[in-house]
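Next come two complexes, and both contain chain A; in the first it sits with chain B, in the second with chain C.
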Partner chain A sequence: MHEYAFFLGCIAPNRYPGCEAASIKTSEKVGIKLLPLEGASCCPAPGAFGSIDLNIWYAMAARNVVLAEQMDRDIALICNGCYKSIYEVNHILKHNDELRDGVNEVLKEIDMEYKGSIDVWHLAELYYDPKICGVDKIRESVTRPLSDTKIAVHYGCHLMKPRKERHFGDTDHPMWIEELVAALGAEPVQYRNKMQCCGAGGGVRGFDLEHSLDITNEKMINLQEVGADALTEVCPFCQLQYDRGQIEIEEKFGIKYGLPVLHYNELLGLAQGMSPDELALDLHAVDVTPFLEKIL
Partner chain B sequence: MAEKKEARIGVFVCHCGTNIAGSIDVEAVKEYARTLPNVVHADDYQYVCSTPGQTMITDAIKEHDLTGTVVAACSPRLHEPTFRMATKVGGLNPFRFEMANIREQNSWVHMHDREGATEKAKDAVRIAVAKASLLEDLIPKSVPVEHAAMVVGGGVAGMQAALDLGNAGIKTYLIERSPTIGGRMSQLDKTFPTLDCSQCILTPKMVDVGRNENIELMTYTEVAEVEGYIGNFEITLRKKARGVLTPDEAEARGIVGGGCNGCGDCVEVCPVIKGNEFEFEMAPRKAIYIYHPQVVPNLYTVDFNTCIKCGLCVEACGEKKAIDLEMVDELIKVKVGTAILATGYDLFPIENKTEWGYKKYENVITGLEFERLICASGPTGGHLVRPSDGETPKKVAFVLCAGSRDNTGVGKPYCSRFCCMYSLKHAHQIIEKIPGAQPYLLYMDIRSFGKMYEEFYYRIQDEGAKFIRGRVANILEDPVTKNLHVFTEDTLLQRPIDLEVDMVVLASAVQPTTGADAVRKLFGVSCSQDGWMLEAHPKLNPCGTTTAGVFLAGVCQGPKDIPDTVAQAEGAASAASIPIHRGEVELEPYFAQCNEELCAGCGMCVNLCPYSALALVEKDGRKVMEVTEAKCKGCGTCGGFCPGGAIHMQHFTTPQIVAQIDAFLLGGEQ
Partner chain C sequence: MAMEKNYGNPSLEAKLKDRYYYSDDTNRDFTKEVEKIGRTIAHMCYQCGTCTGSCPSAPRSSYRIRLFMRRAVLGLEDEALTDPDLWLCTTCYSCTDRCPRDIAPTDVIMAMRNLAARRDIVPRNFLKTVQAIYTTGHGVPNNDVNRAARVKLGLEAEPPTTHGFPEYIEGIKAIIDHYGLKDRADKILSEGE
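After this line comes the complex of A and B, so read on.
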């Protein structure tokens, strides 16, 4: 068992609790144990906090890292926004002594010190990493293959960019999540402008909902074109935008898509035999039933 | 050794107009010099480098019976030879001169601190005087120069250099690693701004190279090892197994009237098909091949990586017996006096800029691929077509500075210098060849700097090419039509743009060719930060290198277009021919000397020497170090290290350096 401190984030436990449950249960079946990271705060959201005061962003993210340092475990997380904050702040502080000293000044007030002793991972990359888990292990864990389904992948901006501070190689034409999807027995499909933003990030959803939905709508058109049965992603915030967003698009623009949107961990849960109830799929805004009918 | 007599030093302080006098009190420095030990004369002058200034030095040497001279002026890189000559004319050994740099390292950088600059100048003069007091007579050595030269690389630069050397009566080895000479220029369709057919102007030169009786053309050959020094380079070449014999080689094997005559009978029967590198794999070739019909030498080559040795070609060749499928690499040693490196360039692997989708999207090509596709002798007979469907593209986007002037970490920070111009030419070519074609040039700046270049730029504007100033953010392919969406901001209109085109041509950055680094290191040539080979001086010695006798030509030294490449090649050929025509070269006497009585023969210095100038030899029954003076650069690595203090660095002796340090640290107190 590889043990990690599990950073939950905000959206998964509050909006998609099934995603949280799926992460803990699916990972255990492939040799990853997620330990609770007690006392963790918001990551904090990179757009909302980072664009207003970087120092607050650094300090709060660093505090979350310190909690894991105290457990002597690397962090695993399931949200691209959290990844942007916690992975990137950890990366920056490891390479910038001046910033680290500043952050430690602040942390001293709560008797904490950032040491830079751990790494931060997205659970999806741990699933893909053959040293930790790997595609084969995922495939072996499947008891209910998602046969005859076409699934499109949304990677999400904060996972892949900025390229310089990531380690994913070609960030413009990635295929590794597709490999993880294929391991579940589904057929991954390609669509136009795959790497475009979901529309939510960078504070756009909060600041200008209509513009944000415009972007989402363009993605929905491209997804509809290739006849995907479901869209999967590795970010609850992207999930929220595609899921809630489809309802909002219907309200504002009068277009109905009805495309089920599932976090990769929810898909993996289904493929490993978890029930829709266990995954709380009834809390999704877009009805998931058409997809479930194909696989159950 | 001259009779030891008390040092008598003359100091000359230069005003350099106001260059020095503007921020240094020259009078004060001169007066200070007069107070220094061993100084018997000090003077100042407006321009010491002028004829009267030099006369001042020669006269003073005689008048004051000087044993050494010090000039406080500019950098020794500029006028050290001048003042050495003046010292010599005055009757002293020229190495009894020392220079204090009070301009580049003082007045120019301390313009606003006259007092501080003056004090610093006094320090510099004091240090120079301390060294000058201990200088010794040195006699430069001469070595004979082999009457032959080598040119590495058979592109237009190497060909031009070899032709110039050959025509000057010098035996020249032209080394090319591919099967034919011609280089990048032979892959181009037309040249800017004159729109000459590139092959038409190049092939006569290729033929000349093949026929020149002084040029020994060695294709499919690489440099394996370089030993020796200016005048006497011993170079080992690896003649790669080509599988095909020339008529001469056949005759040497006793096959009369045989050898390859370029008939091509072998190609027809060869069953192996592979991509032709010359066409960027857009056309096939066989395992036995020539790149194109105009190759020089007109000689086939077997690609042993793909050859299945079926022997059909051997049969087809028949009585000529030109093909030997068991051929192995051969090492050949040649001796030359000087060498020119002309290794050229490759394109930066533009697929690394993943946002533009090269190698992912079929209709995104590079500028060099465009050259082949638009060239009448290319794979499509000069019809520009989309690789995805063979259709003629109408709307074509040209992405300039693709990977050049790029500080993102993926790409090159420098300007590749010829992409603006060839992209303009490409725009012209599609307008000319394809009715209704519309080129879009997406640019940062158009750099049309050469003769008739700006006029060419205007011409292409008038022909209807559209210019959009903006860096391309990303390119997306329409999965159905395979058209491309180019996303950028028109920074003049301040508007984001989604431009749908049929084809994208990336004017990719250029970088030193693979293997250039290895060749550079064999010849002891440095490179600049960006990886290009380093010239001896960017302004005043652009063809030379810091390794005496090794010169540079063409893009291996930095991106340049054909006219600049040919000009540099002629310059390099001229520079490389000078030592050969003189017949001997004088070496600066800054070499190490071994005191054999002190040398313990430990051999540590031998491994430390960066120039392989040292060796352990047996003398009187024990091992001692010996210096090959011609190879030694006087860097002092060995001298500084020697545990026994047995190595004497001429002109930079330990007592001289200690005297300089003392003079500085003790502030003149002895």
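After this line comes the complex of A and C, so read on.
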């Protein structure tokens, strides 16, 4: 069993608790144990916080990393926004003495010290990593294959970009999450401009909702084109933007898509035999029933 | 013998040696400050426009990342920091991945936003997130509907974060107060009302 400190973030535990429940249960079946990271806060939101003062962003994110250092466990998380904050700040502070000293000066006030002793991972990359889990193990854990479904993947921005500060390689046509989707028995589908942003990041969703929804709408048009049964992502904030965004698009632009949006862990939960109730799929703004009817 | 570049005209040479653009509204320190905060080599930009071509915000607004790159290079501080388009970047980092000069235009935007924030130019939603994190530790806090759903799932009503362990909020307040950000956020938000 590989053990990780599970960094929750905000949107998964406070808007899509099914994501949190699914992550804990599904990962356990493939040999990953997620331990609660007590006292963790918002990552903090890289768009909102980083835009105001990057130094506070470094310090706040470092505080969350230190909590995991005290547990002596690497962090695993399920949100790209959190990945941007926690992974990137950990990465920057490990390599930049000046910034690390600045952060530690602030953390000293609350009796903490950033040491740089742990690493930060997205749960999806742990699933894909054959040393930890691997696609085969995911496939073996499936008890209810999602046969005859076409599923599109949204990677999200902050997991893999900027490429220089990550380790994923190709950010134009990645296929590794598609492999994870195919392992569930579903057919992953490609669509136009797959790597485009969902439109929510950088504080734009709060600053100019219509602008942000217009970006989402472009993605929805491209998704509709290929007839996907569901969209999967690995970021609850992207999920919120697609899920609630579809309702907002209907209100503001009068276009209805009705495309179910599921976090990869929710999808994995379904494939491992969890019921929709165990995943709180009723909290999704877009009705997931058409997709469930295909697989149940 | 090494040849030195030479035009045989001392005044022309002095002029060419000075890389700065002069006008009443330029501030050459602006470029340096943007580069320091953004940790990127903004002055290397040769205006190819790959960034704007990669930008999901460009087709639906007047926001042009290439324009902001030019402003960074020329030191057009006021023009950059007071332009509301500054806040339309979704920080998707497509431009950063594609920049042939290995610059991170996204981080140039982040640096400019930091500098604008020092002048109290910040959209209200950004400051409200700060307030929410200051009081609860979360930018998106829990609510009753969600608490009920969590209990039904077999989870604790409050997640094991600052919600479940509110004693940790003091540490968060201390960090934010260290920079005096909460007071500034309150002040700016109350002035706008």
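Throughout what follows, the second predicted complex is superposed on the first by the 296 of 296 C-alpha atoms of A that agree within 3 Å, B and C clash if a C-alpha of one lies under 4 Å from a C-alpha of the other, contacts with A are read in each partner's own complex, and residues count from 1 in each chain.
Following the convention adopted for this analysis, contacts are C-beta pairs under 8 Å (C-beta built on N, C-alpha and C of every residue); 3 or more make two chains touch, one makes a residue touch a chain.
Please read all numbers here as calculations on a predicted model, not as lab measurements.
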Touching partner for A:60 - first (chain B), second (chain C), both, neither: second
Greater chain A contact set [chain C / chain B]: C
Partner chain(s) touched by A:82 [first = chain B, second = chain C, both, neither]: neither
Touched partner set for A:192, first chain B, second chain C, both or neither: first
First, second, both or neither for A:278, with chain B first and chain C second: second
Touching partner for A:173 - first (chain B), second (chain C), both, neither: first
Partner chain(s) touched by A:18 [first = chain B, second = chain C, both, neither]: second
Partner chain in contact with A:5 - chain B first, chain C second, else both or neither: neither
Overlap of chain C and chain B interfaces on chain A (superposed complexes): 163-164, 171-172
In the complex, chain B residues that touch chain A: 354-355, 357, 360, 408-410, 474, 476, 478-479
Contact set on chain A toward chain B in their complex: 163-164, 170-173, 190-193
Sites on chain C touched by chain A in the complex: 37, 56-57, 60-61, 87-94, 96-97, 102, 104, 106, 110-111, 113-114, 117, 122-123, 125-130, 133, 137-143, 145-146, 149-150, 152-155, 159-165, 167-172, 174-176, 178-179, 181
Of chain A, residues touching chain C in the complex: 8, 10-11, 13-15, 17-18, 20-21, 36-42, 44-56, 59-60, 63, 106-107, 109-110, 112, 157-158, 161-164, 171-172, 195-197, 199-204, 206-208, 211-212, 214-215, 218, 277-278, 280, 283
